[in-house]
């Protein structure tokens, strides 16, 4: 299986900087590399772009992500993204890209703090791409992979839940 | 989404017993519970049976697993199984069950030692079940979910790889 | 051995709050409890007070800590404290308390993110108290336990180093 | 502070070999290196010898350890050792070495499985050596550092406890 991963930052990637005393979005793929270390049957193409907390993203960033998607020859793409504006970026891409299977994912807790949640969300995206699915814009969070417009962040509870 | 998990033991579940000084297959779901803690959109039915290293399983155990599968009303089932004889158990079930989507999974390293690999394998199974797949006997290991007969353990390298 | 632990907060205790998206100083002892779980030969008295990032501490807080120290019948005391003002609090206590063996400790990275550093610093304090030491105000950080005035934070490098 | 660490193996160091499906005593210092990564104020000399489960050690191994101790110019020495025969090795060294401060330590659970216990035991040894102690043969386990003859393994409970 060939899969392109576009890592745009977000909580998923955050690591603690002991000198500044705070969590930062790094510009590397250390969190991702640990998750995919066991994926002996996938050829990954990994692109690290934007590297922002998604609260700091704007439509310029979304255009950059869209351009990278369009330059990718693989039709199976996972986009790692902050949880706060993943709804905006997925809606942006839906208007621009129709010939790919794009699965957004992310985490409520950094991989560097809780390996289970970040690995769950990412690996669900990968498992979903193993199936014979239609082109579309999907979101893999908290147990399910569905059309990205149907799974939304409940900010009060810190959970993604399927819209009624 | 409704999913039945049948936890039969194997390396996936092993924990260290400091008094005996060795790893043991427990009869609980502690490893699994940590993985699914973030799955807010799935109703799980969890059945813990057999609880063996898969080298110690025989056709009696495989019949027990088959019976539990047949008693399950859900058609989406994940079976956590040791890696050494998952080929035998999946072949056994293939002859007995045709009306379910059954995904076997497991781990080369216990969840208690490496959270990433066990969580990857299990979560791929769950992500695959989010797609509109056909009834069948599948195996989720090391990056892909495919028909269980096509993904085999390379004992020398400690990896599951797709058969040519 | 009888030891009183006064847990005043600081990075040592910080945990990630996924709803707020940031690290917080909790008012519990979860980090500490994990560290001392194996200490079968110590009777601990644990007091959780102040619960602040040490940048937010003032002399009122230092007086509260001093009062709790003076109310303690044990003469062996470990104080968990943020690293940014541990020099001020240890200097404050030096003027007020002379009849105890007080060892300050803390961490540059939260126990919830890196178990090794926080456990190292705390456990050095405990090992030092196992020896026949004089009353005094000590600091256990980054490999050594010495008089608190001699081990200072290098903010640029994020390390405590012995003063020349 | 100058400290020599003699790493002789034991549970402390064990890591899981996924190909063999069991825990092994490695001939490296990966467990130790993670523990001492924050010790910016200590010059360590590390010697990795014997590399055995202590149940497999005999007096030949004990003589090798004694010889290495005698060749060491540092008088502060930590010996990482399996818990099952640490009583025999410490008694052996007591007869042979009288001019050093030797602290034995180890773990009931491998560092690769539980970072807190192994780090606690080792770091207590290091904190004890920060104090002005007499030459002797000590054992750092489960909360205290005392003369090695006074702290014994309760095999039934999997704990080291001070002898009455």
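Each chain gets a letter, A, B, C and D, in the order it is written, and its residues are counted from 1.
Note that a residue touches a chain if its C-beta (ideal position, glycine included) is under 8 Å from a C-beta of that chain, and two chains touch if they have at least 3 such contacts.
Computed from a predicted model, the values in this text were never measured in an experiment.
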item: Shortest chain-hopping distance from chain B out to chain D; value: 1
item: Taking each chain's C-alpha mean as its centre, the one farthest from chain B; value: C
item: Approximate Å spacing (C-alpha centroids) for the pair chain B, chain C; value: 44
item: For chain A paired with chain C, centre-to-centre distance based on mean C-alpha positions, whole Å; value: 39
item: Gap in Å, rounded to a whole number, between the CA centres of chain B and chain A; value: 26
item: Shared-contact residues (touching 2 or more other chains) in chain C; value: 108
item: Chain-chain contacts as defined at top; value: A-B, A-C, B-D, C-D
item: Touch list for chain C against partner chain D, complex; value: 1, 34-42, 108, 115-117, 119-128, 130-133, 140, 142-146, 151, 159-162
item: Partner chain C, residues of chain A touching it in the complex; value: 11, 16, 18-19, 21-23, 108-110, 112-114, 155-158
